[in-house]
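Should a chain be cited, it is by its letter among A, B, C, D, E, F, G and H, assigned in written order, with residues numbered from 1 in that chain.
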Amino acid sequence: MQKVIFNEEKCKGCELCTTVCPKKIVYMDEKKINSKGFHPATVTQQEECISCGFCAMMCPDVVIEVRRPSKEGKKDE
Amino acid sequence: MLEEIVIAGFGGQGVMSMGQLLAYAGMLENKQVAWIPSYGPEMRGGTANCAVTISNTEISSPLVTEPSVCIVMNKPSLDKFEPTIKTGGLLFVNTSLIDAKPKREDISIYEIPANAIANEIGNSKVANMVMLGAVLEVIKAIEPESILESLRKVLPPQRHNLIPLNAQALQKGAEMVR
Amino acid sequence: MKVIFEKPKSLEDVTFHYCPGCTHGIIHRLIAEVIDELEIQEKTIGVAPVGCAVLAYDYFDVDMHEAAHGRAPAVATGIKRVHPKNVVFAYQGDGDLASIGMAEVVHAAARGEKITIIFVNNAIYGMTGGQMAPTTLVGQVTNTSPTGRDVEHSGYPIRVSEMLGSLVGPGNSMKRVSVHDPKHIGQAKKAIKEAFINQIEGKGFSLVEVLSTCPTNWGKTPVEALKWLEEKMLPYYPLGDFSPKEGV
Amino acid sequence: MNKVLMKGNEALAEAAVRAGCRYFFGYPITPQTELPQYLSKRMPEIGGVFLQAESEIAAINMVYGASGAGARVMTSSSSPGISLKAEGISYIAGAELPCVIVNMMRGGPGLGTIQPAQGDYFQATKGGGHGDYKLLVLAPASVQEAVDLTIQAFDLADKYRNPVMILGDGILGQMMEPVEFKLTENNELPVKEWATTGKKGRKKNIINSLYLQAEKLEQHVNRLADKFGEMEAKEQKAETYLTDDAEILLAAYGTTSRVCRKAVDMAREEGIKAGLFRPISLWPFPEYALQQVLGRVKGILTVEMSLGQMIEDVRLAVNGKVPTDFYGRVGGMVPTSRDVLEKIVAFREVL
Amino acid sequence: MNKVLMKGNEALAEAAVRAGCRYFFGYPITPQTELPQYLSKRMPEIGGVFLQAESEIAAINMVYGASGAGARVMTSSSSPGISLKAEGISYIAGAELPCVIVNMMRGGPGLGTIQPAQGDYFQATKGGGHGDYKLLVLAPASVQEAVDLTIQAFDLADKYRNPVMILGDGILGQMMEPVEFKLTENNELPVKEWATTGKKGRKKNIINSLYLQAEKLEQHVNRLADKFGEMEAKEQKAETYLTDDAEILLAAYGTTSRVCRKAVDMAREEGIKAGLFRPISLWPFPEYALQQVLGRVKGILTVEMSLGQMIEDVRLAVNGKVPTDFYGRVGGMVPTSRDVLEKIVAFREVL
Amino acid sequence: MKVIFEKPKSLEDVTFHYCPGCTHGIIHRLIAEVIDELEIQEKTIGVAPVGCAVLAYDYFDVDMHEAAHGRAPAVATGIKRVHPKNVVFAYQGDGDLASIGMAEVVHAAARGEKITIIFVNNAIYGMTGGQMAPTTLVGQVTNTSPTGRDVEHSGYPIRVSEMLGSLVGPGNSMKRVSVHDPKHIGQAKKAIKEAFINQIEGKGFSLVEVLSTCPTNWGKTPVEALKWLEEKMLPYYPLGDFSPKEGV
Amino acid sequence: MLEEIVIAGFGGQGVMSMGQLLAYAGMLENKQVAWIPSYGPEMRGGTANCAVTISNTEISSPLVTEPSVCIVMNKPSLDKFEPTIKTGGLLFVNTSLIDAKPKREDISIYEIPANAIANEIGNSKVANMVMLGAVLEVIKAIEPESILESLRKVLPPQRHNLIPLNAQALQKGAEMVR
Amino acid sequence: MQKVIFNEEKCKGCELCTTVCPKKIVYMDEKKINSKGFHPATVTQQEECISCGFCAMMCPDVVIEVRRPSKEGKKDE
């Protein structure tokens, strides 16, 4: 279940998203490097994410999409 | 002697200063020199390149469109500049960052794993000097010592401690093409 | 799954040319979100400045007009007078608006021109590589104030919102916001929305001054830059509503 | 009879209205101020907008915006004010937008004087602003012609998506002559699909003169060049007077052309075969028409209220084939027909 | 050896300092920004003033004030910024004040691009501003020449009490070449009795370009005309390269002249007798020098980074005696020597 | 006999070209009196505007520089930076200063430029024959506001002193005075004197806004014009000190 | 028929409107006409003058430097324009305000006490119309009726009551030269 | 004893001086006309004048000079 999705090709590695996550789960993936030469930000502990959207609000490059799981019992909209 | 040199890479790889050092050293050797940056719209990130002309006689045009020597530090630069090199010219490829092979057969190609060597001697930032060492060894237009002399003039005193490292890098680069 | 956050429709799906961490991108997104939410994409006309945001016409998916340096308010006036029912906004930097374009913005405000200006104050000339702006802080080092901005030589930085708010203009609205953290980003968006609504309701001129970073020319990492904004800019540029007092 | 007696400035303003111009942005300056004043009354009557801008720079940039938004729009000024518009004019030409700009020239340089002059010919025809662009420049010699050319100017501007300048001087602006407005109101203005009107039902439109990539800008400028070439081929306009057998040809535009016309009459009375070549389009300079009347011409005397500007275009057009001479008054002084006659006599002697 | 390796913009700035310039007013614009940046550090060191103005218009009017006050003063900009200075330049010329104005041209029209171009030749030489005035326009082709001409520019400005323009392009501004500053600091600047310094011990001084009476303004402009005539007689500057036996003559200034010089070498290698005529003063255009090298010339090819501007002055100078052709690149593109060579070959065939 | 009143020394003995009853003449005289009293005739440099006072260089017996329309503050800045010990003043009308020259005056004030500006606000463009100025009152008929200034179309008149006073500038001084009767003329002179002293003491930028008449273009007799100034202008343009509050 | 008329006087004497009326009347009679004001620096007070050309054929130049008819309403105008009149031309002098005598002998001179006559008929403001009446009577180029017709077109309806007065003034002026 | 002196040639007849005189002694001399065509302002009742200077302060054209008689017993300065 992907709550935060990073469009890694667009990421410029500025790290702003990492500073605002209340769960501290956004980190720079030093192992990857995109075609512009940046290490992209990412989240692996998706389950920790509370879908607060802070990372996305802070991202200057519209890299991040955030979703919230439907309430239990409801179908995905 | 007329060398028309193009140096290209990512911003941050030190291609501009490589060119300026070459020009400076040429001047110290009483040669005619000119350095031209490409100050394109790609000012933020992306590629950077400059052209250096070194000559024993007055330089007619400092604009280099058919380089006799070309130094490429990354893949986009290889793609862009390989076709422009003069027949019989020299191409120096930083194989640490470029896995593609040059296609031209009418030029001499030198493959230098510049970043790898720089890391070996302890500082990835001198990859450009490694490259320069190799170039000087081949073209013989400028003495490595003049490059070091230039560094002494250009660097502020408190950073003169970096000069031995640079000397070593030049040296290592030269060894690669001996 | 409900999508909480995605690219707004009025923003083109392209990569900005801005430097890593430059908050121009955040401000663009906020404007696009507001346009989407107000459902005015089809009647909005934007005016791009000369400054780092010069390519804004490639980023907003609305009709766009590239102005001459500093003249966005005049260009926007020309457009608005021809299409009074459309929504016209201009995006301007601090060099563009507060230096070369000072006369145009003061007069657009004085006329109560029904346009909206998003004024990005990053205390420096970004595009030309870091020269002093009229909003550069006292003591701030730039490429043309190498020993720091000196009051004796260059005076104090201009507080644009306060100055425009001192003009008589009962329908005008001037607000200063910041984008240095999510909370302030939320407030900034609200102010931008209100500014557009002010125009749509035909009240008058509206301007939102957004404090923004220029990591590249400030010589800081993007994260340091946000901190600098908060610590250095906020005290001199207080956030708030500087709209003219009612009454003439 | 539908004639009315009007000042040049006011007639020109009314002509703009008749041509469908509904937006005017300008700033007062002598000797063209009657033009904005007239429109400040007239525009509201017809649902148009007259806006006094804070400066000439603001005015030209409002024109830029309004033109991009699809309007027929005009601005007017006089010499120093036109200098201030140089950047904006370059932008408008670069962005390929139509508009009409009026310059009622006064004496310069600097603050100079408010008296008439023709010292802005170079500025108008070679480009006061930066970069390669051209204005279509039309130079009326009478109030009626000011009306007719103004109406044409709006059509030409739309046709080529290029600014058109009406170049007059203080005399044309202040003078009253009878005029007839031949056109009824033109309701069928061209549709401008490129204009910023809101992107409803179509892709977005962008008005712009920036091309960061040199290759792209070169393409763009070359396209402009083609357009300029087309104008040069199609839009040259000139009038000739007694040129068939002329041995001395006067070349003059606008106010000085009328002085010269009288001088031609006076010369003919004295048995001198003089004729007049009057460029109506200053850019493109009517070189073809000039080349055609060279037949018996032994010398060309260019008369301007300047130190000699159009003379260069005359020389370029004749390319050394005919000797040329120049007579000018400056600083607000107007040559008299008798002065010109004397010059003709003197010139004839050295030929 | 006293040579240093410097960027054109910085070398030019240092040259101004060496020439005794102590006041600089400017506004940032690419590709000349290194010039004000350099002076923002340098001026305070030597007791001078660097002031970043709020706009190009403010800058040129500060120059106007400072020059009237007797200072050696400079401003610099690039194409759109120079357009904005047009009114101020006309005032300065009209008031007969000395100053140096640098234009590092970029591609236009409009916002265009930041890449190099030569599209402002007309603006510089024919007058971007209104009215009859002339700038002395100098076009260096190397960093060393930029230094030398800048130093001369201040002297010429004072000598003629007229603004002097240094016309370069982005390449000249950004390029590094070795330079030598031949002059030591010039301490003996001319005394300016006309300057506004406070009327202590003398009658009051007035700096002005207004003459309400046309007769007075005409006298004034005619006096300017005499001065321009003197400059035309004395200040033409050009360089020739292999012109003695040249059959094809290239004409080019600044950056393109260097491209052409190489093209001449290439042509000579192929046995074509090519030569180069390089105007150093663009106004006055060095027509005498050009006329002198026409000897065996069968055709002149003018090469510019524009749609063709200097070509008009070339044609005026040769007055139809030699066929001319034009090759240009625009929008920030720079012609290559090989392109020029091809043009030479093609041109030779039609001659 | 003691001479109570005579032509000041710093005023040339010529006849002004102003219309009968135009208060430009009074303001000229006050400036000259102040120059005399401060004994600075030999070090004063004046900048004349483009406006009815364009010939001011013929009237003041000090070194004079004729500026381009609206650019007097820039010209004065150029002079002052060259001669920091001289006294530099500029004389500007409301079209000159508040319309075309808005950017220049705002920036001179923001820089705290040590110059003095005498700003003659007559609510109209006098020289060009009576067009609307940025200071034209609401409802006032002019040649370009034939049905009276309309707020919806042109906004409210600009109060220059208040606006410049809103800029940060601890050493700056902005005052509004009037010359419609001897008492106010006395106060006006005092303000002008203080503005010059502010400059001489090196404190900062100083501006005196003088409410003035234009009988010709207001279509009134000189006596009616003074009355109109008092009754119509004073309520919208209150007299007083609008200098920035101390503190940054 | 070609008449080139200069009219000059103090600002306020109605010289501009005199000229405009002449031009208007000429137009009504289907003649070619042009009117040019001098919009000199003397905008406030001082002298004012304008030139009117009336012709049966196309007007080459509307600029009048050698008038065939000259009307001077005050002394400075007499001084300025008397020397410019064409040989054989006509000079009309308002003797109410000018006591000096014209000097030229190669022109015809008409002396009209215009203000005196205007005062006689009750309104000093119509001195210009008295003058005009005299001029028309001599040159015959324009019918006085056309002038009155022009007045009807130019004056707002509420001021049409002034027309009889003007007619009388024209009439009186004409009588002076009959 | 002339307390107020009018440079009549310079007067433009604007009447401003007449409105401020506390003694109401300044009047326009309809009998005179200066070379610019204006009736100049003047004072004939010089003895009434209190040398307050108001007329001169108000005059835009520096037409008026004002003097005050020396105090009794003192010589003219």
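Please note the rule applied: a residue touches a chain if its C-beta (ideal position, glycine included) is under 8 Å from a C-beta of that chain, and two chains touch if they have at least 3 such contacts.
Keep in mind that what you see is a predicted model, and the values were worked out from it rather than measured.
Chemist: According to the touch definition, list the chains common to the neighbour sets of chain C and chain H.
Modeler: Touches both chain C and chain H: F.
Chemist: Determine which of the two chain pairs, C-D or D-F, is joined by the larger number of C-beta pairs in contact.
Modeler: C-D
Chemist: How big is the gap, in whole Å, between where the Cα atoms of chain F centre and where those of chain G centre?
Modeler: Each chain reduced to its C-alpha mean, chain F and chain G end up 42 Å apart.
Chemist: In angstrom, rounded to a whole number, how far apart do the mean CA points of chain B and chain H lie?
Modeler: Centre-to-centre distance between chain B and chain H: 88 Å.
Chemist: Could you grab the centroid distance between chain B and chain D? Build each centroid from C-alpha atoms only and quote it in angstrom.
Modeler: It comes to 55 Å between the two C-alpha centres.
Chemist: So, what's the distance in Å between the C-alpha centres of chain C and chain A?
Modeler: Spacing between the chain centres: roughly 27 Å.
Chemist: On chain F, where are the residues touching two or more other chains?
Modeler: 18-19, 54, 66, 68, 99-100, 102-103, 107, 129, 134, 153-154
Chemist: Can you list the chain B residues in contact with two or more other chains?
Modeler: 40-41, 45
Chemist: Mind pulling the chain E residues that touch 2 or more other chains?
Modeler: Expected reply: 30, 51, 54-55, 57, 80, 87, 91, 95, 110-111, 113-115, 208-210, 212-214.
Chemist: In their complex, what parts of chain C are in touch with chain D?
Modeler: Residue list for chain C touching chain D: 41-45, 47, 54-55, 57-58, 61-68, 71, 74-83, 86, 103-104, 107.
Chemist: Which stretch or stretches of chain F touch chain C in the complex?
Modeler: 99-103, 106-107, 109-113, 134, 151-159, 162-163, 165-169, 236, 248
Chemist: In the complex of these two chains, what residues of chain E are touching chain C?
Modeler: Contacts found on chain E: 27-30, 33, 36-37, 40-41, 44, 50-52, 54-56, 80, 110-111.
Chemist: Show me the residue ranges of chain E that touch chain B in the complex, using the header's touch definition.
Modeler: 1, 3, 5, 30-31, 113-115, 170-171, 174-178, 255, 258-259, 261-262, 264-265, 334, 336-338
Chemist: For the complex, give me every residue of chain E touching chain F.
Modeler: For chain E paired with chain F, touching residues are 23, 25, 49, 51, 53-55, 57-59, 61-71, 73, 87-88, 91, 95, 196-201, 204-210, 212.
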